[in-house]
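Chain nomenclature is as follows: A, B, C, D and E, assigned in order of appearance, with residue numbering initiated at 1 for each chain independently.
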Amino acid sequence: SNEAATAEVKDSLVVATTYDAKSLDPHATNDVASSNVMQQIYENLVTLDENNQVIPQLAEKFEKLDDKTYKFYLRKGVKFHNGEELKASDVKFTFERALAKGGSIKHIVGDIDPNGFEIVDDYTIIIRTKVPSTAFLPSLIHVGGGSILNEKAVKEAGDDYGMNPVGTGPFKFVSWAKGDKIVLKRNEDYYGEKPKFSELVIRAIPEATNRTIELESGGVDIAYSITPNDVSRVEENPDLKLLRKIDNSTTYLGFNCEKAPFDDERVRQAISYALDTESIVKSVFRGVGGVAIGPVAPNVNYYNANLGKPDYDVEKAKKLLAEAGYKDGFKTVLWTNDKKERIDMATIIQNQLKQIGIEVEIQVLEWSAYLEGLKQKQQDMFIVGWTCQTPDPDMALYGPFHSSMKGNNNFTFFGDEKVDELIEKGRLLEDSKERQEVYYEIQKLIREKSPWVFLNNGEQVVGVRKNVKGFTPSPFGYHKLYNVYFEDQQ
Amino acid sequence: MSTKTLEAKSQKQENVIKKRKSNFWEVIRRLRKSHMAMIGLFIVCLLILTAIFADVIAPYGYDDQELSNAFKSPSFKHLFGTDEFGRDIFSRIIYGSRISLEVGFIAVSISVVIGGFLGAIAGYYGGMVDNFIMRCMDVLLSIPQILLAISIAASLGPGLINLMIAVGISSIPQYARLVRASVLSIREQEFIEAARSVGSSDIRIIFKHILPNCLAPIIVQATLGVAFAILTAAGLSFIGLGIQPPTPEWGAMLSGGRGYIRDYAYMTLFPGLAIMITILALNFLGDGLRDALDPKLKN
Amino acid sequence: MLKYVSRRVLLLIPVLIGVAFIVFTLLYLTPGDPARMVLGEQAPQEAVDELREEMGLNDPFFVQFGRYVYKATIKHDLGRSYITKRPVTQELLNVFPTTLKLASLSMVIAVIIGIPFGIISAIKQYSVFDSVVMVFALIGISMPVFWLGLLLILFFAVKLGWLPSSGFYSFKHMILPALTLGAQSIAIITRMTRSSMLEVIRQDYIRTVRAKGQKERLVILRHALGNALIPVITIAGIQFGILLGGAVLTEVIFSVPGVGRLMVEAIKMRDYPIVQGGVLYIAIAFSVVNLLVDLLYAYVDPRIRAQYR
Amino acid sequence: MSNTDKLLDIKNLTIHYKTDNGIVHAVENLNLQLGKGETLGFVGETGAGKTTTALGIMQLVPNPPGEIVSGEIFFEGEDLLKKSQEEMRNILGDKIAMIFQDPMTSLNPVITVGKQIAEMIELHQNVTKNEAMKKAEIMLEKVGIRKERINDYPHQFSGGMKQRVVIAIALACNPSLIIADEPTTALDVTIQAQVLELMKALKKEYDTSMIMITHDLGVVAEICDKVAIMYAGNIVEYADKNSLYLNPKHPYTLGLFDSIPDLEEEQEELKVIKGLTPDPMNLPSGCTFHPRCPNASEKCFVHKPKMHEVTPGHFVACFLYEG
Amino acid sequence: MVNVGEKLIEVKGLKKYFKTKEGMLHAVDDVDFFINKGETLGLVGESGCGKSTTGRVLIRLLEATSGEVIFKGENILKFNNKKMRNFRKNAQIVFQDPYSCLNPRLTISEIIAEPLYVNKVYSNSVDMNKRIKELMEIVGLAERLVNAYPHELDGGRRQRVGIARALALNPEFIVQDEPVSALDVCIQAQILNLMKNLQREFGLTYLFIAHNLSVVKHVSDRIAVMYLGKIVELSDYKTMFVDPLHPYTQALLSAIPIPRVDVKRKRIILEGDVPSPINPPNGCRFYGRCRYRKDICKQQTPELREIEMGRYVACHFAKKLSY
């Protein structure tokens, strides 16, 4: 049957994802599943090249006029899917809307000055930020925060815009069977290189086993999030190919740094020493992803690879614990949400911490209850992840570690003057050696202070059928599909 | 009739009437006629013993990890193999019997006590009380049980106790209905009138005459209810509303192992079998009890 | 009859309000913040607080409940999903047919298999056939749905490659989920048919028919079956309700986009309007099925027909 | 009785129920004859085996647990026990019909009475559905029910009327033998009188033979020609009605008569048979009645008395009357 | 027999209606009668005519809709709880169904002890047990049965247990609600004898409900005939049987099958069935089935009149018609 599938000329690409999108309104949601679809429909002013450098997309050209002012020259003749031409007014409308309604992407667009838009002409617009920020330009590549919408389409659709997305991208929205699949078709008016196939189907198949089975049987052409169990199965299957990319997510074991005993650095360090992260990651992820060594993921700019793997040293851990006054350990609670890998890690952590006398009770919370608990500072230890959604390290550091973000994204309630200062400094600096040093320093400091025990970096593991070409996984977790083609299509 | 002892005694002590052991043995005697029921009873007893003596039986602790020893197929060392953490599945299943039986019995106790109470009141007093209680039960009944259990479990949060409560509450209407129906039918029997005619109080009538006679259907239903509770709990575990790790709950084990089903099918096979056999046994027993306790078959 | 039906439909209103109240209370007590779930974990707290206010989540319980009931009854508006912003009705109408199809197919399978097997078992009580059927029925009842589903996938989708393991597009896609979901119902209906049949064939009126010299086959089909089916109808009705609500696990395993999965996800995402709407829909479906069952009853049993006038 | 007159001749019929607790000897070595046109009253206590005997003749003993262990049942000279199921089906209803005890449960509640009567007719007579229905109407009128009610369901009838419908079914094909199993026990006295009257009239009209099972000696006196007294699976006395009523012989029969309060005479105390009916799983040795018999002798403990003709046509199974 | 003429219980205008879906069910509709101390009043009638309801209202197991029940000069329907408790000791009931009248979960001794226990008759268990054994002896139950469960006993023994329970508190008055109708003739005779003996021994007063007229005649001093919630005739048992006045009584008596071949009687066969007691129309309840009905019967409800000394009939034409 596999041969039969490849024999006929394929004009439709079927992709299996883990979850259905929530909304196709970029300002309404900020989840990977939705971004995955929106990525194919919308475009941004700028985008990234292979080296994580910001390059033009809808903006032909951009200039930084001063610390806080950027000027964008729009590409002319770009048509939205509804036939409207892209104008500077759309850009202004888009960002104003994002600022007003986009609660879910506020952390991305928050720096933009709502009164700072200036339409020079139909194809030129000036955007200002409230504070100087080097992270601004990279943040524009974000799907939710940077996609350009059409004013007319948004206004016409009203509340229903999320189901009627209109972008400038290579694919147009066709239909959506909730919980099942979304169908897109090629945008025949696309200004750039058009996709090779005319239909893109994005199916939600939550069960990992089923995704692989579908891939094997040819039911889908690309399957995301192949689980560690299936890695070798896909690799060994001559009909399939496995593509991998370490992504920008970091899973960590966090401590409530304002609650005893975790307010004591030594306790945190002790736990860090007591955990054999490598073996945890190995047994939970079985070769998928990497052992996280610091707060910045490998594919994010200024990743400090010199930090080296954390030490596993039970004796040292015991010593530190004794120094902190917990010679006989203590009892504590470890929270996690109901993700299997996290539960697995928690299970092993629980076991490993026994060695230094820490008795851990695992509590699995539902995501929503979990987040609420974290905000309310009820946690002792917890396992959660953080994804840097732009290539700039500011995004990786400001939210989770700056003291002003306590209880917001800083679930550890970690606050350190030095760290704060460096983070603030880093976001002002232009890309340079100096900036690199600042970020290297921050990463080192955070390793030392240990508000987190770094567990793993996620990896995008994508299975594709052998005849699928041109697919490159993205570290952001959502992948561009318009460059993909089937072998016989060339 | 075990009257021999009595005759001997009554010669010495004229007016002492010793109450004969209730018809417990009678029921057992009738149960013995059904092979299925005996198998069921045997397995259930075995399970209870397993649960009690889990520490003795299990060769390893339920959370003894040996990461280097993960995914070992069944062998003499690990009868049912090991899981992704190198834990002994056999031991986990042994310990799991505790959880399952606990969940089953406690959940059913909750629903029997509350449902039974509501049903008894509704049935005995009738009228407005009956109407009110039963309409409330109707409301609960019109939400499918699984969905109700899920909602309750979600609002209580995961955990063993909450799971029991969720499953327990969601079965209340069944027991209320059952008890009400039996109370209604027993209320009509002449011996209730007889009790009233000699001046017995309402309380005495309910507790001495009505409830003991409702016991048979309740026991049957409860036996099957335990099975249902275990299944539901496993189902809830499966969708992540179950029990905290590393608690070796069978449903959670099954759910956790499903990702490995293609390579290490034994990881789901044994918990699956454990659940199935338990439920099967309880069903055998329930069916047997239904027959053994059926008054129609008396004599 | 019409009067009876309309009375039943009217009676549905308080039940539905009761259902809404229970669900509302449960959700109210559920920890977690819908606004947070809408915006995602990285969104800043101010945005979340703003949204909470906007969604009316800071109002007192009874204000919220009253508003809901008012909108639902007077304006026939069940609200919009917090997450997708789509109208709840539309979201549910998207998935309801799938679940309905799945449950109906399971029911059909259960009836087609369960009733004949039950009948034959009863007629041949104590035979080998009977024992085998009963053991299978018990296994069917005892097997955790999700395990069965996994085994079926493993066997039919992986080993044999005959049937797809996920999706719900064609009849082929529906077979495994329907079998999985229906397994318990098959077993229950088989058992019920058997015991009800056993009861009926001992009745005097069956003896009367036999004494007429009627052929055994017709004794069963014409006389015993009609009577034996009466309790089976009840059970089938209840089962159908259970199938509607209990499709959750099956839907999860087979990635079927149905109400069950929608509900579970909505519960996890704290998408209250969807949960409420979904439960109400199911409760309505449940009650309608019950009503149909009662009408079916009246159809097969003239004694009950007489009561409905 | 000459052989040719015999409609029914049961020889050494033994029927057991094999239950979990043991074997119930419901009918044990039973012998019975019935002449053409005769009505036989079949009397005995609860559990004596009356119904089982009747079902045995019809070959409708529920199996399992019931089983016809041995014996022969000659009907019109042919052994019913040797007949195939198919042949038996042709006899049932057509030649032998049965009326069951409880009219409330003897009719299928979900089928109209008309259809239930017509079914009988369709089965045994070569008629169309319509003709059968017509005939059913006639039968209904015969038993005193307006024919308009032909499309009514059983629950719309009272007990007495239901029993009439059952009678109509039994008579529909003009059988040569009707077995009526306590047809009036469940009915009220005045209704019972109606039904008995009807049966008498119809029997005369159709000239059928009948076995009337009852435990009411009054009913027997009313409509029977012959009487058989059954005790613990066996017939202990068999005679012409007059002979038996005026001159009962068997101690059990005597006891039975004495137990009944007499409407005509004053009795301060009723005479009673002591003891209880024996456990059919564990029948006494010898004469099954001996534990309760006032005249029991040594012999009765050991030997089973045979049927003995004391006066012409009057048979008794008791040693008192032997030799 | 004893103290003739001293009224123990007098019932005046007693009514009991049940609310049902179809309407008001007149189970007992305005009945008057009395029972003398030490006598047995038989109450007969077809099933559903309100016999049991009368019996139950009489001892307040059911609350009457209206009317009076005078027991030893006091209206028991007005009794408060305390007085009721005292009355309970004086008036007992024996039930029809020997199966459902005993709690299957209690042993025989527990069942008999129930009245003694709840009324706190004995303070120590030795006395109580003595009394239990005494009662068992009185009703003829072997002592070995103290610990038996009801299902281990046969119907007759069960009925004895019921009687023992009723006797436990030494009542003066016992309602016997068809105590023998579920029993076989032999057992029935035993129980009837027992009842009579007990009455003689303890000077009991009975309301004896039955539908079997021969039984009623055997035990009663006077007999009341009920039809559809009303008493239609009440008189001395002999008079009743020799010269029944009400057309219904006449039909009822003639309908009894008597186990004799030497007595021939003329049967009166009633048409139709017992009509429904729900919202009965005015006029004579028997109107529809009566052979002598006249217009007046339809319009006017006949009162129960004393035609002769101790002879009450509710018929417009009693003694006026020559039947």
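To be clear about the criterion, contacts are C-beta pairs under 8 Å (C-beta built on N, C-alpha and C of every residue); 3 or more make two chains touch, one makes a residue touch a chain.
Computed from a predicted structure; not experimentally measured.
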Which neighbours do subunit A and subunit C have in common?
B
With one step meaning two chains touch, work out the least steps from subunit A to subunit E.
2
Whole-Å distance, subunit B centre to subunit D centre, using C-alpha means?
49
Between subunit B and subunit C, the Cα-mean centres are separated in Å by 24
How far is the middle of subunit D from the middle of subunit E, if each middle is the mean of its Cα atoms, in Å?
33
For subunit A and subunit D, let me know how many angstrom lie between their CA-based centres, rounded off.
89
For subunit C, jot down the residues that touch at least 2 other chains.
30-31, 158, 252, 268
Can you list the subunit D residues in contact with two or more other chains?
none
Two or more other chains in contact with one residue: find those residues in subunit B.
154, 157, 240, 258, 261-262
Every chain pair in contact, whichever chains are involved
A-B, A-C, B-C, B-E, C-D, D-E
Which residues of subunit E touch subunit B once you look at their complex with the stated criterion?
56, 59, 61, 84-85, 88-89, 92-93, 95-97, 100-105, 107, 109-110, 114-115, 118-119, 125-127, 129-130, 132-133, 143-149, 151-152, 162, 165, 168-169
In the complex, the residues of subunit B that touch subunit C are 135-136, 138-140, 142-147, 150-152, 154-155, 157, 227, 231, 234-235, 238-240, 251, 254-255, 258, 261-262, 265, 268, 272, 275-280, 283-284
Show me the residue ranges of subunit A that touch subunit C in the complex, using the header's touch definition.
1, 20, 22-23, 25, 28-31, 103-107, 110, 159-160, 162-163, 177-180, 203-207, 209-211, 213-214, 217, 219, 366-373, 375, 384, 387, 389, 399, 407-409
Inside the complex, what are the residues of subunit A that reach subunit B?
207-209, 227, 229-230, 233, 279, 282-284, 338, 340, 343-344, 346-348, 350-351, 361-366, 369
Would you pull the subunit D residues touching subunit E in the complex into a rising list?
45-46, 158-161, 188-194, 196-197, 215-222, 241-242, 245-246, 255-264, 267-273, 276-277
